[in-house]
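Structures follow.
One chain, subunit A, appears in both complexes that follow, with subunit B as partner in the first and subunit C in the second.
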Partner chain A sequence: MEITLKFYRFSPGNGSKGDFQEYPVEIDESATVLDALMQVKEDQDSTIAFRGSCRTGFCGDCTMRISRRNRMACSTTVGAAQNEGTITVEPVRLITTTKDMMYDLDTWVYDKYKAVEPWIETDQKSPDKEHVVSNKVVQDLRKVMSCTMCWLCDEGCSTMVVDRKFVGPLALTKAYRSVFDPRDNRTEARLKNLSEKNGMWDCCHCYEASEHCPKGIDPTERIFALRNKAIKANAGIPTVRNHYRSFAKSVKSHGWLDEARLAIETEGLTNIKGQLKQVPLAIKAFRKGKRPLPYFLHEKREGRDRIKRIFEKWEENE
Partner chain B sequence: MAYAFFPGCVSKGGCPELYPAAKIVADKLNIELVELRDVGCSGAGVLSQEVSDPVNARTLAKVEKMGMTMMTICSTCQGTFTQANHRLQSDPEYRDRINQEYLASEGLRYDGTVDIKHFLWILDEEYGLDNLKDLVVHPLEGLKVAPFYGCYLRRPPELMVPKGFEGRKTVLEKTIETLGGEVVNTSGKGKCCGFPILSSSEDNSLAMCGDHTLEAKDKGANCMVTPCPLCHLELDGKQEDAARHKKQDIDLPILHLPQMVGLALGFSPRDMGLHKHLVSTEEIVNILEGVRA
Partner chain C sequence: MPYHDVIVIGGGLAGMRAAIAAKAAGVDVGLVSKIHPLRSQSSGSHSGINAAIKSDDSWQSHAEDTIKAGAYLADQDVVEAMCQDALRDVVLLEHMGVPFSRDGDGLIDVMPFGGSSQPRTCYVGDSAGHIVLQVLYENIVRMGIATYDEWTATSLMIADGACCGVTAYDLASGKLEALSARSTVLATGGIGRLFATSTSALFATADGVGMAYRAGVPLMDMEMVQFHPTTLKGKGLVVSEAARGEGAYLVNAAGDRFMSNYSTDGDRAPELEARELCTQAIDTEIQEGRGDDGCVFLDFRHLDNDRIDDRLPETRFLVKTYLGLDITKDLVPVQPAAHRPVGGIQVDAQGATGVAGLYAAGEAACSGAHGAGRLAGNSMLDSIVFGRRAGEAAASNSRAAGKTEAPANLLAEQVEQAQGLSTRDGSSDSIGSLRRQLNQTLQSSMGVRRDGASLEQAVSAIQDLKERYQHIAVPTIGGPYNPSLPAYLELGNMLDAAHIMLTCAAARQESRGAHQRGDKPDRDDADWLQHTVAVSIPEGPQVSTKPVTITQWQPS
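Right after this comes the complex of A and B.
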């Protein structure tokens, strides 16, 4: 079929902001967008710059915004991408480029990746016997290891939109791989590191990352798992730890959530500054008749003893 | 029509205007709500699954006995329950273990047959938006409404918007139109409101709240509507802080879904508890009264 490929051109240093250049292409509709780009580079204009190597969705190199959707150029057919005979190819939006479609990977991928220390550390220099890892664990880790670092999860991330310094779901998925590998013995230090500023507690668990991951890795669930582990290991940041604890305590004792107490306990009872921060909103809400009732004024729920028992049982099982 | 009704904590706590509005509206629609009292909080994705799954299995076991679909009025309750139900339904061994360890002592067991639906989905999929339209006495003419879903009503998509239910992606827009309002689309309508990171990362949270409300305002919206009371806590409750953060006035009223339905069905703004919001709802009251006069 005949298509018009609108390709984003950008050269640093020439002062321009970048613009589209059009190339007519004759290509089969079952070919991929990456094929079309290579055809243009070979036959028409060798100066266009883009990435792509494996051509099978394996290397994560060819992430682009194709006809206004973020996807892999090698896994998207021309037929599916074209819109009335036109395909636009431009960079995804949250990452900066060094030329055309060449991303600044150091800043956006590798630095964040390195920050989570993506390796395994053990005390033993040379193990005296094989370290057997169960099949179940290996299966889980293999899933995570299939991450191609395509950046689609970071690109779709809600937090990244408002804060590019956020470490992001890609790096956190890599962190999961180290934290949950039973051979690694730096769990606590890792969880502490991940709890630093711009770390895993900035994730708003919106499931965008999971929706965007082409490998079905479910980065959001991986982040949940990391955070739950941190809560258990007492490694999270204080307000969050208090928040989780208070939430659990409230549901455990009354069957449901006591929001007034949650707000107070989250800041920490001895954190005067944090407590004062709550006051203006509380006063305003109170005036509007909105202040949540403290738990002892809530109607007593019949099942709360039963729910308490579930919590106790869970704590026993821990 | 009758449903086992799970009101959630927030509709009686942080957003006490939501519970009565939902009850009044359901009553008007002849939807009978059998409220679940003897049950626990869904865990809202905050509690570890290890304890929230048993608590939620207990709730579902009770609903199963009633032989009804369970209705929620909160995107977060809905998401948490759908996910828990999926784990319990797809893994009989896991379900058995929870039944034995946690529910048997109370003479309960869950067999995995319960369906759970948000009020928004029920309106479209079971009640029918055409039937709703027949009851509209005060169309929301002149009201420009920005829909805001809340993450958990849309994601993960395989669970929340499965095959055959694709209409769920646009049901809020369709509901606004059914009631006579004009839809104002924003890029953030399916994104996170910012509430979950309020305690860990306040600046980012306020930036999200500010971005969503300002975009809606820039596009001409008079208000925003959400099926999630946690989004309401952020978009209404934290809007003033977000305005300070963004150094711009916002003043965008945020409606709960049942309030918007109720207004079109003829209930007064007071009946619907609009005066309890932190952001003044005066502007929309004036618009609606202008039309009604």
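Right after this comes the complex of A and C.
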């Protein structure tokens, strides 16, 4: 079919924000958008820059915004992408480019990936036998390792929108593999590292990462699993652990959140400096009419027994 | 000028394995790749790695299967080395982090693959390539190996008969640079883009073969190209051998499991014959009118759904994405497509070429381990074993010979040539139009079945394309992220590789393994138990022969 490919051109340093350039392409509708781009590059304009490699959705290199949806060019057919004979190809919104469709992946993806030390370290130095591991465990590792690093999760991440330093769901999914690989011997150090600034505790659990993952890896749940592991292992920032536990404790016992208790227990009862730090906030909240009762007076909600049973059931399964 | 003791060209499995081995041997390593290593073609391999790790198996049995699949054209000393090393190399990979699928005892499990006399393929679900690639890259990062991502090697620098590095085009800066090295390893991958339909990634453009050929390095068995029997209709995307390993049937348009008419081994499922036989059987069904629109079908419908989700999730995803079919309910139309070169840059069992300081591994190389056809599951093994061996050999060469610096004029020549491209008058040809003609030429002459006359015809067609290639103008060279120069040079590499392949195919006057000629239908051990070896002379590739090494398995 005859289509018009509107491809976003951008060059750094010439002061312009860039603009669409139109290329007429004659191509079968079952061909992919990546095929169409290759055709333009070979026949019309050898200077257009984009990435793409495997053609099969496994290398994750050709993520673009195609007809106003973020997706991989190799996994999108011309027929599905065209709208009245036009296909627009432009960069995704968040991750910045260095030219046309060439993203600054070092800054946005690879450096973050490297920051979580995404390998494993084992005890045996000169191995002559494989590790004994159950198939169920390796199956789970395989699932996370099927990540193609297409960074659609990072692109969808709500935290990343306001803080590009956040390590992000892609890198945390990689971290999950290292932490949950039973062959690795650095679990504790890893959890500590992930609890640092810009780490896993900056995830705002909006589930956008899981929504965007084309492989169904569910990055958001992987981040939760890492956090749970850190809490259980007593790793990472103490106040975060306190906050987490206090939250669960008050919901379990009273059926709803006890905010006053949460504030106090997060800093730790014996932490005078921490408690004093909260005084201005408490005064401000009080003035605005937010006056939680001291926790011994915190009302127990109706139905809390059922909530408690959910907790107990969960704890049993853990 | 940047210098490394060892420079590896190519960031796929063989290249990264070589870089890791060289670094582990204590030398300084640079890894040069025209795409980011994590995006390499190896990622698309769904199969697995053969190794006789089970107690009822032996490396000798593995070697015998390999030699038979290669129609006795394999050098048996090299096969023995590969099959023996397989056991240790697989365990090493496991320790680097590969989560191999496990058996009931928690040990590495093996799967039956085509052409193997027993289950021997270690697998990682059905994404072995993708996951092994991830793990190797993790180790590249962990070891602090210097990487040159999106640098395209453009020529080998040869001085005083020795290779002293490469010139390369840095995409980000748009500049040609010289990278000096005492030892250089070519692991540039395959040749798939030469064919109209192939299983390859966009960048499998025979770069290593082209560069080596122009530098006078001999190439071996270039006529041998393996066709994968089962690729998705019209797409060239591989449906893994694992599908048949798990029990999927091959059926023709009438619904018959036709492989039983071709099978020679009553002990295993007929679908699990070696690649070459499966490909030729499917081709025969289609040629004789029992196919459906150029295809036969894979039938998964009798397999258990849970098992499919555990063992073949990527296959299910692939078929769904590209054909919109569900393998648990629909027949999947498949056809053979060009898959992997079996020939390549001639190397010994250590990966050394005839040129001092130059090594090669993986799909770019030909050590003689596969002969005239390749056993499923031996390709990744080849990359891992010979990648490691080449890395080790390159490292010890660098240690023995010390630092070197390439003469500056070698880069200057390249820069001058590149600039010349932009001042050409141009012609009506484009990179795309020439590539498509090249694709059609090879598709019709170098397919599953060949014959002498059409091969000769194709050779002259390629010569014509090579001539026209010299007139294509490339208006803008250089500048940040300008991919023009690499795109032009890739076409040149493909044309050179095609020229060599066709010449070798025309020279081999017999049918053997992946090389089937209608005009020479029989295997001819008396005259052709020989490798073809091609080198560049001014008139084009010159072909000679080299005897095959036989140790204990006599041709039958």
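As a convention for this text, the second predicted complex is superposed on the first by the 254 of 318 C-alpha atoms of A that agree within 3 Å, B and C clash if a C-alpha of one lies under 4 Å from a C-alpha of the other, contacts with A are read in each partner's own complex, and residues count from 1 in each chain.
One rule holds in what follows: contacts are C-beta pairs under 8 Å (C-beta built on N, C-alpha and C of every residue); 3 or more make two chains touch, one makes a residue touch a chain.
Nothing here was measured: the structure is a model prediction, and the numbers come from that model.
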| item | value |
| --- | --- |
| Touching partner for A:M1 - first (subunit B), second (subunit C), both, neither | neither |
| Contacts of A:A233 with subunit B and subunit C, given as first, second, both or neither | neither |
| Partner chain in contact with A:K288 - subunit B first, subunit C second, else both or neither | first |
| Touching partner for A:A189 - first (subunit B), second (subunit C), both, neither | neither |
| Touching partner for A:H243 - first (subunit B), second (subunit C), both, neither | first |
| Which superposed partner A:W314 touches (first subunit B, second subunit C, both, neither) | first |
| Subunit A partner contacts - residues on subunit C that touch it in the complex | 35-36, 38-41, 43-44, 88, 90-92, 94-95, 97, 99-109, 124-125, 127, 129-131, 134-135, 138-139, 141-142, 172, 201-203, 234, 237, 310, 313-314, 317-318, 321-322, 430-433, 435, 474-476, 479-484, 487-488 |
| Residue ranges of subunit A in contact with subunit C within the complex | 11-12, 30, 34, 38-39, 41-44, 46-47, 49, 51-61, 75, 98-100, 102, 105, 110, 114, 117-120, 122, 124, 127-135, 138-139, 141-142, 145-146, 148-149, 181, 183 |
| Residues of subunit B defined as touching subunit A within the complex | 9-10, 12-17, 37-41, 43-48, 50-51, 54-55, 58, 101-102, 105-106, 151-152, 155-157, 191-192, 194-197, 199-201, 203-205, 207-208, 211, 237, 241, 275-278 |
| Touch list for subunit A against partner subunit B, complex | 158-159, 161-163, 166, 201-208, 210-211, 218, 220, 224, 228, 231, 237, 239-240, 243-244, 247-248, 250-251, 255-260, 266, 281, 284-285, 288-290, 292-293, 298-299, 301-304, 306-307, 309-311, 313-314, 317 |
